[in-house]
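One structure follows; several queries about it will come next.
For reference, chains read A, B, C and D in written order, and residue numbers begin at 1 within each chain.
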Amino acid sequence: MNLHGIYPPIITPFRNGEVDYAGLAHNVRRWMGTGLRGLLALGSNGEAAFVDDDEAERIVATVREGVPRDRVLLVGTGRQSTRATITATTRAAKAGADAVLVLTPFYFKSQMTQEALADHYRAVADASPVPVLLYNFTNVTGINMTPDAVAALSAHPNIVGLKDSNGDIGQVAGVVARVPPDFTVLVGSAATLHPAIVVGASGGIVAVANVVPEVCVRLFDLARAGQHDEARALQRRLTPLANAVTAGYGIAGLKVAMDIAGYAGGEVRRPLRPAKPEAREVLQRLYEELTS
Amino acid sequence: MNLHGIYPPIITPFRNGEVDYAGLAHNVRRWMGTGLRGLLALGSNGEAAFVDDDEAERIVATVREGVPRDRVLLVGTGRQSTRATITATTRAAKAGADAVLVLTPFYFKSQMTQEALADHYRAVADASPVPVLLYNFTNVTGINMTPDAVAALSAHPNIVGLKDSNGDIGQVAGVVARVPPDFTVLVGSAATLHPAIVVGASGGIVAVANVVPEVCVRLFDLARAGQHDEARALQRRLTPLANAVTAGYGIAGLKVAMDIAGYAGGEVRRPLRPAKPEAREVLQRLYEELTS
Amino acid sequence: MNLHGIYPPIITPFRNGEVDYAGLAHNVRRWMGTGLRGLLALGSNGEAAFVDDDEAERIVATVREGVPRDRVLLVGTGRQSTRATITATTRAAKAGADAVLVLTPFYFKSQMTQEALADHYRAVADASPVPVLLYNFTNVTGINMTPDAVAALSAHPNIVGLKDSNGDIGQVAGVVARVPPDFTVLVGSAATLHPAIVVGASGGIVAVANVVPEVCVRLFDLARAGQHDEARALQRRLTPLANAVTAGYGIAGLKVAMDIAGYAGGEVRRPLRPAKPEAREVLQRLYEELTS
Amino acid sequence: MNLHGIYPPIITPFRNGEVDYAGLAHNVRRWMGTGLRGLLALGSNGEAAFVDDDEAERIVATVREGVPRDRVLLVGTGRQSTRATITATTRAAKAGADAVLVLTPFYFKSQMTQEALADHYRAVADASPVPVLLYNFTNVTGINMTPDAVAALSAHPNIVGLKDSNGDIGQVAGVVARVPPDFTVLVGSAATLHPAIVVGASGGIVAVANVVPEVCVRLFDLARAGQHDEARALQRRLTPLANAVTAGYGIAGLKVAMDIAGYAGGEVRRPLRPAKPEAREVLQRLYEELTS
């Protein structure tokens, strides 16, 4: 399974508090008309923390219907316990996931030694019917999986890659230098997609690819082709919108941007709050500046 | 409902990976033979993050059987979404909770403004059949609810108290100074139980009370009676074990200490790791020093 | 030398960019008319980081003139290198310091192990003509000296005490439990002065004592006399002004409050910025609420 | 003045506690035989925090003697107060500095708003006889100067560049995108030198260039020439030693590595501690792996 390329961590559209499966299917159809390598369902940006197990299963099934077999459907299945992570992984695989993305457990931060994390991932990978990708995201978890820990886990036959969302290019380079060539390193920060590819990353799972998948794919292609001046220029044009739909305005802002771009964005679930009117104005402007 | 006093955030004993309900019932019987004001089921120390919804319901029911109506059964029901928190709260109330303890949601830290937290708590309190206590625990969540935010929420008729586990006595004093007299402030740090009561806290929900409830109750009584020299002396004796069963050796260590004290401690669930042999030795020594 | 009691970390008044020695002498005279145990010159609040060596020497001499021998003159002499700290300590002692307060060096944070700190303090204490107090202030330094490290250093015959400005009452209690009875623990946070004394602190070096020394001394006396209800009530009245002149409005705010109280406050040195007009209004109100 | 290229932040060799000026002159001669663009004297790695003003002046003069006018001598002159920074800047310029590097003041972190920093830098730049480079190093200072703040200051005619030591490539890219083309951005992290150049940095001031200047210059040349595969490969070979002489073993380790490479390394000043024997072994091995 070749995982190289660009993926959006797809949002979960809600309407009147419930999952909008029709909107979701609409989005998937449209994304599949672009050069995206695949989709990640039920990541952080999918508000996976806010959907229940039955919703999760139906979301995966809905997305699977729209993702042909030559594209990749990744599904986020990290839970706080090893046991629950295995259960979620098994369900996701059954519902159609090609591979799963497993966030480091983090509730008991101070006890999540590199050893505890390794033990967790090995148990999940042993039990999973599909390949597993590690997921390192310190802003959310307060935990950083070191390059050495990733390297050790990369020897497991069912652990095939890493998503690293820290935006720390030095650490990405450190990982790439230590893992086998067929271990896939995807990054989660669109604002450093170009330099990440320069140091050896194989692609990205980036929020802004929900909104402007074509631009992200184009940036990836330029960087991989060694057209670094063009890549740098496009990166600079992409970064303002990329920052606005993540750190800037959060998931509510990302969904507003999707509405602007003609996708089904919709509501966020509480305790997230709707975007403020000025967010919409800024996002509209940034979207137009990038795409015009 | 008078909530003043000492509560253990009770551990969930596991055996061969499953909840040991008999062990749990045994523990409850023994705790109810002490001066504890009540119990908190499904807090952090109860590994609530690792039990599923059906286990949670049965745990509450099991504990309720052993807790007479003149004692207090608190149940942790915080979830990441407002929706799931309300569902868990309703189930806990039905299963016998006298009140619920709701941890601040924290998955999307940067978006959890004081306003978003207030909105979340109001929605939960509006929907909850039983009174709600706020729960502030920055080490786990990365979020700090300010005294002003607590004060604003204390006006809600169904929000009756706060557990603050930060060990920040200045902030505890700040909260006490701002809330009505019948709003209960319980602290989560045994090592600062005495000074917390001095500045106005009404008791504590402290891990070490799982192991030595009598000592914790005695400390509470001394502090409330104004016998501060005796309280300070007892606090100093309690602190080493209190630190060892939390920051020191984590929940696995707490369970070892419970085994030592004749309670059903048992296993932890992964990704937590069993205590190392040296932890057992240290805990044995600290337990004996405190209780001999 | 009995160090128990309340000290202001005295501000250094500036006028037209230069030290206002006359204003300083005026302040000292007035402080010496209260029950303060002594003064700390050239602490953080004295903008010691902004005065040069010759100014420092003259500041100490000026203050010494006004501080009778039965009161205590402490002087801050911490520098980044051991060598410079010893030089500053020797000069301060010659200029009249009764004891020196030495902040942990912190420029190379990651290399300041407990061992390196211990080595530094032993060298300074060996060389110092006057007793040395340790100074732990993590907000400024990013370094925390553990209770065990303090306890080890308390065995040195020329290390007689600690100022701890972290406001962490549990840690203050931990230190007090580990050091000999004649080792003095002073705290730096006025908002937790009362609970600090309850757990065994011997007094405080607190910014707000620049402005309202009598109130701070009264709070200390109440707490030491075991009049905890009165102490708690006075603590609550003191805390708003105490917070405003430190975390709230910084040293510029502290100086404004001194002007309000009839002391010589004056300018701050850049890069600190003058207080904004609304700071003056708030401080005026808080001062009047406390002293009326 | 073209500042593009590689600079070592040169160490200050000490022998028997005093500056070893002969060793320093030896080092300068040898560095000047390489393709280095220039030298930075009295940076963090120069233990500037530990040398006094007279030593500083003589260090600058000693280095200036060995640096021809077509190379660049940068000197670190940041102090905590604006006043002292201006004094140090003026002395450094008189002693021969071509430009000065000014670390953000950081003693009063919480009060160092972007506005206060801007005001500080403008005052220093107005007063400085030579051009000024901003210096952002959050690990040391706890302060981060934002790309917007840097962009605003880049309009000042006497502020000509920035050293950014955070290793945050996204932020480097953000700065480059906002400043005029003749504003020089140098980075301080050797482990991300290649990606930094890819996103637009003009060079680096990196500790490991003290030891292996030729390798760093070669990496810079490859990256600037667009030979990214070769650059990436060389970056991977350089990174282990680069990490070891900074985060790994600190300045004491850097000096050991210099001894190994035939430069005058020498002692560190306390409170820094000498490198342990195993550091020497590791550094020897890493040096040989890189240079053989």
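Keep in mind that, in the parts below, contacts are C-beta pairs under 8 Å (C-beta built on N, C-alpha and C of every residue); 3 or more make two chains touch, one makes a residue touch a chain.
Predicted model only: the values in this text are computed from it and were never measured.
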Third chains touching both subunit C and subunit B: none
Greatest separation from subunit A - chain, by CA centre: C
Between subunit D and subunit B, distance of the C-alpha-averaged centres to the nearest whole Å: 50
Whole-Å separation of chain centres (CA-atom averages), subunit A against subunit D: 37
Mean-CA-position distance for subunit C and subunit A (Å): 50
Multi-chain contact residues (two or more partners), subunit D: none
Every chain pair in contact, whichever chains are involved: A-B, A-D, B-C, C-D
Residues of subunit D defined as touching subunit C within the complex: 17, 44, 47, 49-50, 52, 80-84, 105, 107-113, 115-117, 119-120, 123, 139-140, 142, 247, 250-252, 269-273
Complex interface listing, subunit D residues touching subunit A: 167-170, 173-174, 177, 189, 191-192, 194-196, 198-200, 226, 228, 232, 235-236, 239
